[in-house]
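Chain lettering (A, B, C, D and E) follows the sequence in which the chains are written, and residue indices restart at 1 in each chain.
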């Protein structure tokens, strides 16, 4: 019983976390190559050698940082990504934390991520990191609501706030078809939360790396891993909420989950390479004035469909 | 043992290079951006190799010392077409562009394998102000806001906010001349409140940008228009590269660079333009702001002026161009977006002219007035216009401000230094 | 669900640790110089209490506490930094008044309430087995307490409008932010560089606090 | 974990909050004290709900309402701080005395 | 059991994050003061970056708290939505109406712009 309920899910989470972060790095390099970055070297080895380099590089310090917060922030971000993976079911029984309110727990992870990223930018006590941190708060606070609305949408037909129930409710039809607006909105939130691609406002080039502009060596490695892991966790939740989780013919459940997660990851990384960075002000207006009303619409749609069924 | 293994493994990683650009050092940057195995980074904290490319003027030595010391241990320094400071030990100087990528990768590898010592620090290990043991708690501060806690004074509000009535602390600092988001060599003293620029005063003008020799030849004798127009397109494409990179469109920026490298009259801009339009660059990116007024536009001249609706273009006075059916293209808004649209339109126009000129074997006819990519060249070459930014920047959000700087070609033009002696 | 009623030693240990965390971080809020740290210490205290709520089978409230407080405390931190001098506590400071009275009141409050907790007799009616707290909450909100639920909605709307009126400086049809700054602000120049819009707004919000 | 220990914890949080609310000079820190007190109240409400309310949903509802009160208090408080600061550049309670005209 | 798993995952994530930082950094000396100066492309700041930072979007954050509070009510509502049928639908209509009014009002007042 211990093995079934504790050890196995735990292993699943840890393996997905580490392998997933690696896969994100590889996929991102492949996408970069497809979009015209100079090819060369071994794509599969590059993330690992880069990690090794960061381990040998000395960590930077700033004049008067908030030491504890500065070192804790990347680790906390990683821990939040791990929690995201913990609430995601691999099959009807294989899930680390099948909390009755796991949908809300994921919402909390999103909200807490804002805190952690802000801390990362704040605690270095440097101008560019500070601007990055504050920019992320504008962005992070804007998309929390969107994510919550679309996730409430998937909770309606499931009559539950539990991810396993959400998947079970998609037995007949996946939510991606039943609530067509939900997944696109959720993917945008995902890009924002990991500040990937167009929503890369916290760690952007115009800030010389934003919140990460003053970190080097091991803390930077953890930060990069955590960002990638959060993207993985995010794709896991998207899979669970909209793509029917473990449901699917022929293959065993966990395999389906992995296939769907990879698909979501590829879409996200593709978008990240395709779109330009948004201006923060424009981004906030877009989220509140366009995407949030759209998520209302998604919720009304979800409610109507749930009642009609 | 394990560490040894880790270092061996790490030595196979891409060389992370922070470029510090000297005069006309951009060629190295453009070369390295397209080289596999080399990653150009935006912050010295992310780099293992510091590349000093081009001659650094003496007034930028102090900033260079500062950046030099900001790379984390271990790091190497390479001087490209630049005279290394005599007091440094163990310096590497490279002069051939073709040998540069190899040398950078080798430096990174040797550094990690321990075959090369990390460069030593230049500046003395002292805080900006003495603080230890001073003040109320030995942290260098006094009272709530006084003193120099941990070596620096505290921020105090000094000027009223430019937008809403809420006046909070303003942060003043000097940015550059080696900040990747600014034109090479440019430094400014900036005051921010929040992420909004309150004050901007340009301290060091950007380095003059090298003009293609063909523009100088055109002052002396008629030159083929095809050649002139290709050089113009080349100039604009390279500016597009840095701007797109700043906007987070790495792939598109590299295609602009590739296009510039393989430029011929047959080149087409359609692919890049389509890509930019489809990606929503003109709609989504931070391009609002930085609108030039007519007077400012006239002062600056060139594509920026035409983007603001002035149709001044010396080419329209040249009979060679007139026979090719040349008419200046203009935009009306004069803001950052209009400038990029103008630049794309001018590149396209240049390519078209080059095709027609090659067919007709057309040559320029006037020698006293040349339209350079930077602006009109009548009596003298286009001069530096960076003081314009002082008026333009206040009130812009940080991202908008940097996008605006990237869209304005304010640097003076000068003759290419040519290949440095080996 | 009923685990917490006939709970084992694990729950007790978790409770003690979380209680200690809640109290210590709650105390640290007033003992740190950095405003950002203070607000995030408060967040930790809230999270610990939320976790205790989860142990008490109030799964929804506990988890909701996480997200609600994460957002509130982020906003708290933003405002702390905006309005407090020396927000990071680079110079240690002590911004307290009437501290003796405050300590006395704090201790008195604790003693009185603690005594009530220890000596008052409360009816012992544990959670019924098979209760689904989230469902029961939802049914209550759409049933008997509908009025509370709806009035809360209206009150929140009023709050939104009040907040916007109070904090935003723009007039009703405020000009767009772009270009609100006329060029030519000289270094160290007088604030006359402010646009007319600013002056207007400056006059416009006088009545808010007089 | 019994009702008594839970209430003791709640009392401790309220006590600390009371100290903070009374002793802090700045608006925002004062608000933190209030929040900490409400934190204790919420914990007490949930504890009662779990141990002596027989799971009556009103207990949970009470907690939510406390949370709503907290949110409203906070938003209105901050909005007022902004408005006051804009006029007076003040951030402590003492400096507010000048506003009473 | 699930809470134990959650706790373990949290601790392992946090621990791994800290360990990866701490292990290689144990023996590293403190960087020199010039290295610790904030990176500004060779420039220098006048003061510490920590200051009373002008958060340009502050009205939006206050609005968000009110919105977030409404979300508190929506989660339990979602669970009983199908059961309550049309009544829940009406309730949702009311809530979304309130929120929409809030958004439209805030938008017209320019809350989402940089102040």
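One rule holds in what follows: a residue touches a chain if its C-beta (ideal position, glycine included) is under 8 Å from a C-beta of that chain, and two chains touch if they have at least 3 such contacts.
All values reported here derive from a predicted model rather than from experimental measurement.
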In the touch network of chains, how many steps separate chain B from chain E on the shortest route? 1
Chains contacting each of chain C and chain D, listed by label: B, E
Most widely separated chain from chain D, with each centre as the mean of CA atoms: B
By CA centroid distance, what chain is farthest from chain E? B
Most centrally placed chain - per-chain CA mean versus overall CA mean: E
Tally the contacting C-beta pairs at the D-E interface and at the B-D interface, and name the larger one. D-E
Roughly how many whole angstrom separate the Cα centroids of chain A and chain D? 33
Centre-of-Cα separation between chain C and chain B, whole angstrom: 45
Rounded to a whole Å, what is the gap between the Cα centroids of chain C and chain E? 14
Whole-Å separation of chain centres (CA-atom averages), chain A against chain C: 26
Can you pull out the residues of chain B that are in contact with at least two other chains? 43, 45, 72-73, 127-128, 149-152, 154, 163-166, 168, 171, 173, 179-181, 194-195, 288, 397
Enumerate the residues of chain A that touch no fewer than two other chains. 55-56, 58-60, 63-64, 99, 101, 104, 122, 125, 127, 134, 137, 141, 144, 161, 208, 213-214, 217, 280-281
Could you say which residues in chain D touch two or more other chains, in rising order? 64, 67-68, 71-72, 74-75, 78-79, 82, 85-86
According to the definition already given, which pairs of chains are in contact? A-B, A-C, A-E, B-C, B-D, B-E, C-D, C-E, D-E
If you look only at chain D, which of its residues touch chain C in the complex? 1, 3-20, 22-29, 31-33, 35-36, 39, 42-43, 46-55, 57-58, 60-61, 63-65, 67-68, 70-72, 74-76, 78-88, 91-92, 94, 99, 101
In the complex formed with chain C, which residues of chain E make contact? 3-4, 48, 50-55, 58-59, 61-70, 72-73, 75-80, 83-84, 87-88, 91, 94-95, 98, 101-102, 105-106, 108-111, 113-115
Over in the complex, which chain E residues touch chain A? Could you list them? 1-6, 8-18, 20-21, 23-25, 28, 30-31, 33, 35-41, 45, 48-50, 53, 55-57, 60-61, 64, 67-68, 71, 74-75, 78-83, 85-86, 88-89, 92, 96, 99-100, 103, 106-107, 112-114
Could you please specify the touching residues of chain E with respect to chain B in the complex? 28, 31-35, 37, 39-56, 114-115
Residues of chain A touching chain C in the complex: 64, 66, 69, 99-101, 104-105, 107-108, 110-112, 114-115, 118-119, 122-123, 125, 134, 137, 141, 144, 161, 281
